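The two complexes that follow have chain A in common; it is paired with chain B in the first and with chain C in the second.
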Partner chain A sequence: MTKAAPAEGQPGDRTDQRTELVLGALSAAVLLLIAFMIVFVFTKAWPSFSHNGLAWFGGGGNVDEQLTNIFNSPADPGDYVYTLHAWPLLYSTALITGGAVLIGTALSLLSAMFIVEFAPPWLAKVLQPVIRLLAAVPSVIYGLIALLVLVPFVGNDLISGDEKESVQFVIQLDGTGLIVGVLVLTVMISPIMIAIVTDALRSVPRGWTEGAAALGVNRFRALRTVGLRAARPAIVAAAVLATARALGEAIMLSMVSGSHAFAPNPLDGVTFFFEPALTFAAAIVDHADELSVTPSGQTIYAFAAVLLISSAFLSFAGWVARRSMRKYTLAAR
Partner chain B sequence: MTKRTRLLSVLAAAALTLSAAIPAMAAAKPTITMSGSTSVAPLVSLLAKKYLSVCGHCVNFKLLQGGSDIGVADAAAGRVTIGNSSRDPKPSDPGGLVFTKIARDAVCIVTNTANPLPTIDQAGVQAIFGGGVRTWSSVPGATQRGTIDIYVRTPGSGTQDAFQRIFMGATRVFGGASPKTSNGLIQQLVTSDEAGIGYVSLYFTNGLHAVPYQGVPCTLRNAKSGQYGGSRNFYMVTRGAPKGAAKAWIKWITHTSTAASIVGTDWVPLH
Partner chain C sequence: MSTHAQTRPAPGLWERIRGNESWSIGDRIGVGLAWGAGLLLCAIAAAIVLYMLVRGLQYLSFSDVFSHPLPGLGETGGGFLDPILGTFVVAMLGTVIAGPLGVSIAVWLTEYARPAWLARAVESGVEIVAGTPSIVLAIFGLIVFQQSFFSFLSPTGEGATPLGRSFIVAGAMMSLIALPLVVGATREALHSIPRHVREASYALGKDRASTIRRVLLPASRRGIGTGVTLGMGRIIGDTAIVFILLGATLRFEPNGGLPGWDLLTGNGSTLTTYVFHNSPAGEGGQPEKAYAAAFVLLAIVLALNFAVDMITRGRGKSWTH
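Up next is the complex of A and B:
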């Protein structure tokens, strides 16, 4: 339609107005859809929150057993069981996401610096498309590889019999757990961060780093003190995007992170890294077949509601961080 | 512009004719939709293939999965013609549902092939899966040493329901065990973990050691003869008694020898 407009010729053509209306209606529809989704999830989730109050976010008891009790609620709506203390889920989500994003950010910054400044041109030419390809690999493939290779390796070769025995009446260390989840998640979120940071570093005006070099600074230091500093808003944007992906990662974590709602304890020493964890997104996947039981469904929607709120906070925090960095750069948005 | 408009109207007319034609074609054949248990699904898809060739493509089938509880809920809400369930009716199920038994299936206790447990009895299962016994050295006949890794299923699974009812009784599953979402996942994890123990449908025991339960090996033959104690039922669930095409289809499954021979390949026929 829009392509046909010039043929009709004169300015003030109705086509533009029509395009505006159609596009406006579309974006309004998207907004409506999002609003509807939020309202829907929160309405569904409300009974779970209202029955538990703030204790929903607290600890206490075994979450797996609580979920089983909710699932086995009596048929009478008056007797529905809702008791849930979801602290282990909240903590695991923060731990796995935070761990992966921290390691991932460090790795991505270093790789991006290498690609932009140090890699020979032919290598950079190969690396960039490969990294973009990696960013597009579906998570379930990472999950499968981790399940077939990494989990048996960790379970059989890294975890010692004594470590297993020391916690055997509380949890089991079978190879699935925190460390595998964090490592695979790091591999998953790094490519997209590397891609964004590389683009940002390339767009830093050449004169800035050259100016630093002219003052006698070596290449690495020039890149670190000038290039990275100028690219900070893009780094934050990359980190936010990566965190969002990590937060929503479900299938892979459901396969390799242990699927047992437990809060890994840093005081346990090395064992901490092998302890099972369950994030909200993975919990939704694991318990999706219980949706048909009313109270279970409401509890699962409560997980979804917490995820929605976290991602909203995340976008907001990213926006604030980028705003406060405006003064460092030329073209920050 | 006018060319475009003409093209658009031609396209719209074509779409209209098509959309009118498809329901007209489909109306000639009834459609049977099914959802539910992932354990029942492989059996039902085999049966459906044979049924179509036997009755000359007299119906359309749509088979979805999702877990026994999904099947029961979908059938109750009228979203599907038939819900597949690998668990027995529960008192909390909606009223007015009819469970028609179509086959039986064995649930096997499995260990890694490096640890071929010679036999296990109900007390042994309850001690291990309940968390009372946590080391292989306290399990008679085990060649493995060290801590036991228990793999169980999430509560919505029909296999979990059967395991709890047949093997565990009132004993609760150890709270530190990791619940998994499918037979295949448990199969994979026990295959790669020498200290592992779990339970799967007989169809999923490849590459694992199926532990004889109360001295009876978990095999198709023993399940068929009724000697193996760990068997459960497969059901087709309908709202009210099955009607029309669904009635003919369920009757074909339960009453013909053709269907029984398909069931007999990996499951236990009713007759």
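Up next is the complex of A and C:
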């Protein structure tokens, strides 16, 4: 789009240039801020990475003990302890985020299809504020309800005494753990996906659906094979946004996911779902009071650095997804 | 989620051909699952609202809302007047910073955007800020405001290094989570103003700056309002930044002697950290207080949401007649 511009050489020209300069400088300040953020966080985190090398991302040992040792390291900067093998955190983060995004995608696609095609008009009208409400509830309230309602239920009724005994020398199963974390996180990230997918499904050209109907397929088949396929780029973009949100969720997960740096083991059968997990973001919250101790602080900033890299990567992935969307007629917001 | 009358099949399309199409078992299950998902969402929302309403009315008392928390962190009793005021202070500080900054960025991006590479960089920069977890913003803020350059903004610890924790610090970092919402809503509003409105203003001899000030900004009032209100809701609901950037105290703890300024550079708490502190995950251990405070928090957030509805309603006013 070519922009309309006022003719040059008018009396107000000077102020105009000044305004442009000021506004441009303010905008560029955002870039400066991001640069500062990356530089500051990585400078602070560097000792933790450089002492461990690639083993930082590897497994071995108990992360909780390693963090305690780092916290209790001698006062002399030369003797600081940095040893950390953060695999359980990395694995828990991937597990909880991945689980929530997978379930959330399925839930969002189904509910978006429901809103667009199957819901009676009054129900579709009710669902709109319902989704807005679910998106607006603060994470600490989700955490509070989960902790006082879901966790006791899971801990007392779903986990059997045998299961608790079978792992009692390694971890405590008290109801906080993987499954509660994943389910509550799913409820938290779904609304944003539903909003995006619903918009995309609504903008599927009418002729496409009518064409499918003319071929004799039913409403569900038409929506699934034509609507959802046309909305694919929007679905990818929604999933990316939801992943970013899930990755950064700290408070709720630190409340309900067990706060125990443990890597849940799928080989444990059903117990796997009840085992505690600790994501990077939740680890920062749990260890926030150790920030003032230099080596602990540097380790925690290393967690933040990993999160920063992941979210920057996700922004990039979202950009790529939207770029590929230009090929389609469906522009998703 | 507006309705696009043009792109949906005409009502009655499926009714007209009913009986001609075939329904396999898989399709029937699919429809069932879609119904299930929709109803599940309604059930979850209803459960949350009703549960909070019951618990809130059960535990909330007027004396709680108007009394201070007890000074000791482990003591039971006390109200949450300070956290409520703290929530408003942080929300105000955050929006006061994010509002003008966000509007400036949006105006520059839509009206100037020169050079193009810088505009594209700023655009993705705003997106990166939006994608950064608030816990990362929080501890980034901690490093920045612990520099001795910023020692006037927060209480100082030993050796005159600032602690990097105060209302003003928390508000500054909070503005970053509201910023993308303000930029997004304002840009959308500016984009919806057709070009001939700008051209009319230029034809009257106005330059860009005064067109923006006198024509474009007044016309995008609603969009700006929506963005700022949404941002305020985000700020009020955020726990991580307050948890890191306001000291471990429930009461207001002013810093220094200047009235007003001592509050802003001092410490305190907000409703979110009060709830967190009194949940079983925190040290307070008063779940009934947590419920009461969470009820107040939810009421504020829902009221803001309602405000957004009121602002967006009547937005249908169009430029083309």
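Structure notes:
Keep in mind that, in the parts below, the second predicted complex is superposed on the first by the 297 of 333 C-alpha atoms of A that agree within 3 Å, B and C clash if a C-alpha of one lies under 4 Å from a C-alpha of the other, contacts with A are read in each partner's own complex, and residues count from 1 in each chain.
Keep this in mind: a residue touches a chain if its C-beta (ideal position, glycine included) is under 8 Å from a C-beta of that chain, and two chains touch if they have at least 3 such contacts.
All values reported here derive from a predicted model rather than from experimental measurement.
Following the overlay on chain A, a clash is recorded for the pair chain B and chain C.
Of the two partner chains, chain B and chain C are each touched by A:V285. In the superposition on chain A, contact is made by A:G258 with chain B only, not with chain C. In the superposition on chain A, A:N52 makes contact with neither chain B nor chain C. Residue contacts after overlaying the shared chain place A:Q298 against neither chain B nor chain C. Of the two partner chains, chain B is the only one touched by A:G175; chain C is not. When the shared chain is aligned, chain B and chain C each come close enough to touch A:L147. After superposition on the shared chain, chain A has more residues touched by C, the comparison being chain B against chain C. Of the two partner chains placed around the shared chain by superposition, neither chain B nor chain C is touched by A:S92.
When both complexes are overlaid on chain A, the residue A:N72 reaches chain B alone and has no touch with chain C. Once the two complexes are overlaid on the shared chain, A:W319 sits against chain C while remaining clear of chain B. Overlay on chain A, chain C versus chain B, candidates 59-67, 167-175, 221-229 or 275-283: the clashing stretch is 275-283. Residues 1, 4, 7, 147-148, 254-255, 259, 285, 289, 291 of chain A lie at the contact with chain B in one complex and at the contact with chain C in the other. Interface of chain A with chain C (complex): residues 1, 3-7, 10, 12-13, 15-16, 18-20, 22-24, 26-28, 30-31, 33-34, 36-37, 40-41, 44, 107, 110-111, 113-115, 117-119, 123, 126-128, 130-134, 136-141, 143-145, 147-149, 187, 190, 194-195, 198-199, 202-206, 209-210, 213, 216-221, 224, 244, 247-251, 254-255, 259, 281, 284-285, 288-289, 291, 300-301, 304, 307-308, 311-312, 314-315, 318-319. Taken in their complex, chain A has these residues touching chain B: 1, 4, 7-8, 62, 64-65, 67-68, 71-75, 147-148, 151-152, 155-156, 161, 164-165, 168-176, 254-255, 258-260, 262, 276, 285-287, 289-293, 296. Residue ranges on chain B touching chain A, taken from their complex, read 1, 4, 66-67, 69-70, 72-74, 91-93, 131, 134-135, 145-151, 154-157, 172, 175-181, 185, 188-189, 192-196.
Contacts from chain C toward chain A in the complex involve residues 1, 3-4, 6-10, 13-14, 17, 20-23, 27, 30-31, 33-38, 40-42, 44-45, 48-49, 51-52, 101, 104-105, 107-109, 112, 114, 118-119, 121-122, 124-129, 131-137, 139-140, 142-144, 176, 179, 195, 198-199, 202, 205-212, 233, 236-240, 243-244, 248, 272, 275-276, 279-281, 287, 290-291, 294, 297-298, 301-302, 304-305.
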